Amino acid sequence: MKKLLSILLTVLMVSSLLAGCAPQAETTDSGKYKVVATTTMLADLTRVIGGEYVDATGLMGPGIDPHLYKASAGDVTLMQEADMIVFNGLHLEGKMGEIFENLTDGGKLIVEIAKGIDDSKILPTADDPNVDDPHIWFNVLLWKDAARVVTDGLVELDASHKAEFEANYEAYAKELDDLHAYVLERVNELPEESRVLITAHDAFEYFGNAYGFEVKGLQGISTASEAGTGDVRDLAQYIVEHQIKAVFVESSVPRKNIEALQEAVKAKGFDVEIGGELYSDSLGNPGSEEATYLGTVKSNVDTIVDALK
Amino acid sequence: MEAIQNFLNDYTLQIVSLGSILLGMISGVLGSFAVLRKQSLLGDAISHAALPGIAAAFIITQTKNTEVLLIGALIAGLLATGLIIVIDKYSRIKFDSALGLVLSVFFGIGLVMLTYIQKIPNANQAGLDKFIFGQASTLLMRDIQLMIGIGTVLLILVVVFWKEFKIISFDPDFAQSLGFSVRKITFILSGMIVAAIIIGLQTVGVILMSAMLVAPGVAARQWTDKLGKMVVIAAFIGALSGVSGTLISSSIEKMPTGPSIVIVVSLFVLFSLAFAPNRGLVWKMIRDRKNRMELNEDKILMNLYSLAMNHDDRTHGHHITMIKPTKNRRGQATEQLKTAMRHLEAKGWARSDYFETWAITDEGIQYVESHPMKGGL
Amino acid sequence: MTHDSKYVVEVEDMTVAYQVKPVLWDIDLKVPKGVLMAIVGPNGAGKSTLIKAMLDLLKPISGNVLFNGAPYNTQRKYIGYVPQRGSVDWDFPTSVQDVVLMGRYGHLGWIKRPGKEDKAHALDALTKVGMEDFAQRQISQLSGGQQQRVFLARALVQDADIYFMDEPFQGVDAKTERAIIDLLKELRERGKTVIVVHHDLQTVPEYFDWVTLLNTQIIASGPVEDVFTEDNLKKAYRSTGQVLKG
């Protein structure tokens, strides 16, 4: 009995050690540049601009909350071996700040998207005007600027393919413009007073700002904080007063938070629907329509407008 | 009053309060037994051990359905309990060490699993780590119903098996000799503790749950010497902490609920340790001082008596410096001596002639002769 | 194992060991009905272990025990046990009466609560040990001697035929000791068998009529006048060098 026990415990401990240390799937050495991006959005962007010259890996899977993501030892190894790293900045990757600092000191080529965007276009958070809102990707035009930053970074990495990167950028910029127009078109189907977007956390300021929506989140700018009962009450009050038809769950935040909100609203005698799931801090599942930025934004807008109509 | 108004208007606040009251009550009752059996940290180990269960449940079922995750937590909790008991019984490792071992290994595995989950391509995984610290504000009516259901069962079981729990907590060897299967009863009790932990996880999280289990019992013990009363007081303290913590966190911005509840219950413990009658530290200090003073007064009275007996005139007063020479510093009587004399005077056993001259009274003489002194004559 | 009806307790071939170190080795012991027997031996001799192994509180490596010719499980209700005083936390929130009532739990079985009759039994037993005024007292307020008497009362309510007591005179004042031994003798008068782990060699001849000398093995067992000899004592206490007094 005792022997069995010690074997069992040893196995448990060794497997925990191994699981923590195991490096991620190796990227094949095919002459392509290895680029590591943090979020799925950035991974997608890098792939589009980099094309066939770049092997882009995303650290976070879809549905992951970048505010809470903790890099594993394997992730750090990946980043150390990469030729270039792309991250959002403005504390979106809240728990990874130190890692980026260390890597920068080590002379790695690191692209911080937020740095490359004009200060005037960065919005402050709703709660605290001194803190910047990192969710820049929901303003499609702003994402074009991000694409520009990535392109510049890639050119710095591999000047020989500058022409190709620029071409990719131009093509994508046009697609983004089309997307922007599509969003505006759909949004206009809603009467002004219906343009209220209520989600689990304050991720959609940029969307609201760009496309004329009033935006409210249950949790603050980061999902690390706990939503207080006061927050739920206030938001429920707002929903009832403005007769909002639908609220939205987010793919990277627990559905329960919105369900609690819904119950609070119901207790006040009003019925608010859950209009659907929005992709807030990540793109959709790979293999689906929403695996790309274009697909995700389209899906989000469709969900929002259809539910609020 | 505004707070009460707020409360009546606020559905979420009501739900969360109800949840915390249930949590406090149930964990208070069951935790009392853990405390009495000197197994307070068992709750800590089990709650930490729940984490890998939650993670595993998600990996297997790919859903974040609360009931499913809690079943995972339950299984992990029971597994951990069994493992601790087995390690304690069959190896040289002591109970404490077995607890620590299982706690850290399970929790570590849980964290590893959460990291792993971050990697798998399922856009539905958010929120598992909320179980680490709890997120009380997202309690739903469904959760409350679950808590009421399980809680009622647990409380009924406590009433039914009252004498069995009592005897195995007090004297397991004797219980065994009477024919009670201590192992079976212990397992039932442990299982109930696991269940209590599981239903509290959503409110205060894995890390703080052990506080809810242990604190109400510890505080309650200070106020009563009867097991039945202790359990009821623990339930009350737990419930009161739950609702207070909830109200406090709802009125202060950015104040998380779980930790608020734990702070309140900790204050209860501190207060109980200090101020409970009989067992409270403050009371003990007061009582000790009172006892010392009385002893001192007896000694002084004895001195007065001896002086009186050795003097022709029993009513002759003696200067205070003569009465307790050892208390003299530079010929002056200390304040203590003066106070003692005044007390004796108040009791009618000493009489003051004039400035700081004292004599024993007839009543005092009577008292000395009829009572064997604590210091011995 | 064959049963001789003269004996109420029969132990055959019992060995108990922790890891490789034997605590009890090859114990053969027969206790006749109606004796007041002391088990004595140096510290670590295995005295408490013997009782615990007999009462199924420990698992021996080998050995058989019969009570009235039957295995322990079937004879539980005829056997009363008074554990060492130190085996329990006296700060537990319960009263003297409650502790004594615990002795009735065996009769009640699962779930049933003690009733009026049981309470009367308990009060009776408390009176026998002179503690009837303490019934509602919290057990942490008791002195050592009082605690021992409560344990004794608890065993009495079991209404057993065979009593096992583990160091009942440990840390107890002279008056209480007298009271306890009188009670034990009275039990013997009523035909009960009382087996006591005892630490004070001086009082053995005065208190007991039967004695077992134990030091991992049985050195000797039988009537006091036959067995309690200088020779046997030397054998039992030899390796520990304890000072013997007549």
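Note that the chains are named A, B and C in the order they appear, and that numbering of residues resets to 1 at the start of each chain.
Everything below uses one rule, namely that a residue touches a chain if its C-beta (ideal position, glycine included) is under 8 Å from a C-beta of that chain, and two chains touch if they have at least 3 such contacts.
Everything quoted here is computed from the prediction, not taken from an experiment.
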Considering only which chains touch which, how would you classify the arrangement: line, ring, star, complete or other?
line
Chain with the smallest distance from its CA centroid to the overall CA centroid?
B
Busiest interface, counting C-beta pairs, is A-B
Farthest from chain C in C-alpha centre terms, which chain would that be?
A
If you average the CA atoms of chain A and of chain C, how many Å lie between those two points?
73
CA centroid of chain A to CA centroid of chain B, Å:
46
CA centroid of chain B to CA centroid of chain C, Å
36
Where in chain B do residues touch two or more other chains at once?
none
Which residues of chain C touch chain B in the complex?
52, 55-57, 73, 76-77, 79, 81, 83, 87-89, 92-95, 98-99, 102, 105-106, 108, 110-111, 113-114, 138, 140, 154, 158
Listed in rising order, the residues of chain A that touch chain B in the complex are 1-2, 5, 9, 12-13, 16, 19-20, 24, 60-65, 68-70, 72, 223, 225-233, 236, 250-257, 259-260, 263-264, 267-268, 279, 282, 284-286
Taking the complex as given, what residues does chain B use to touch chain C?
36, 38, 160-164, 166-167, 169-171, 173-180, 221, 224-227, 230
In the complex, chain B touches chain A at residues 6, 9-13, 15-16, 64, 66, 86-87, 90-91, 101, 105, 108-109, 112, 115-116, 118-127, 129-130, 133, 135-141, 246, 249-251, 253-257
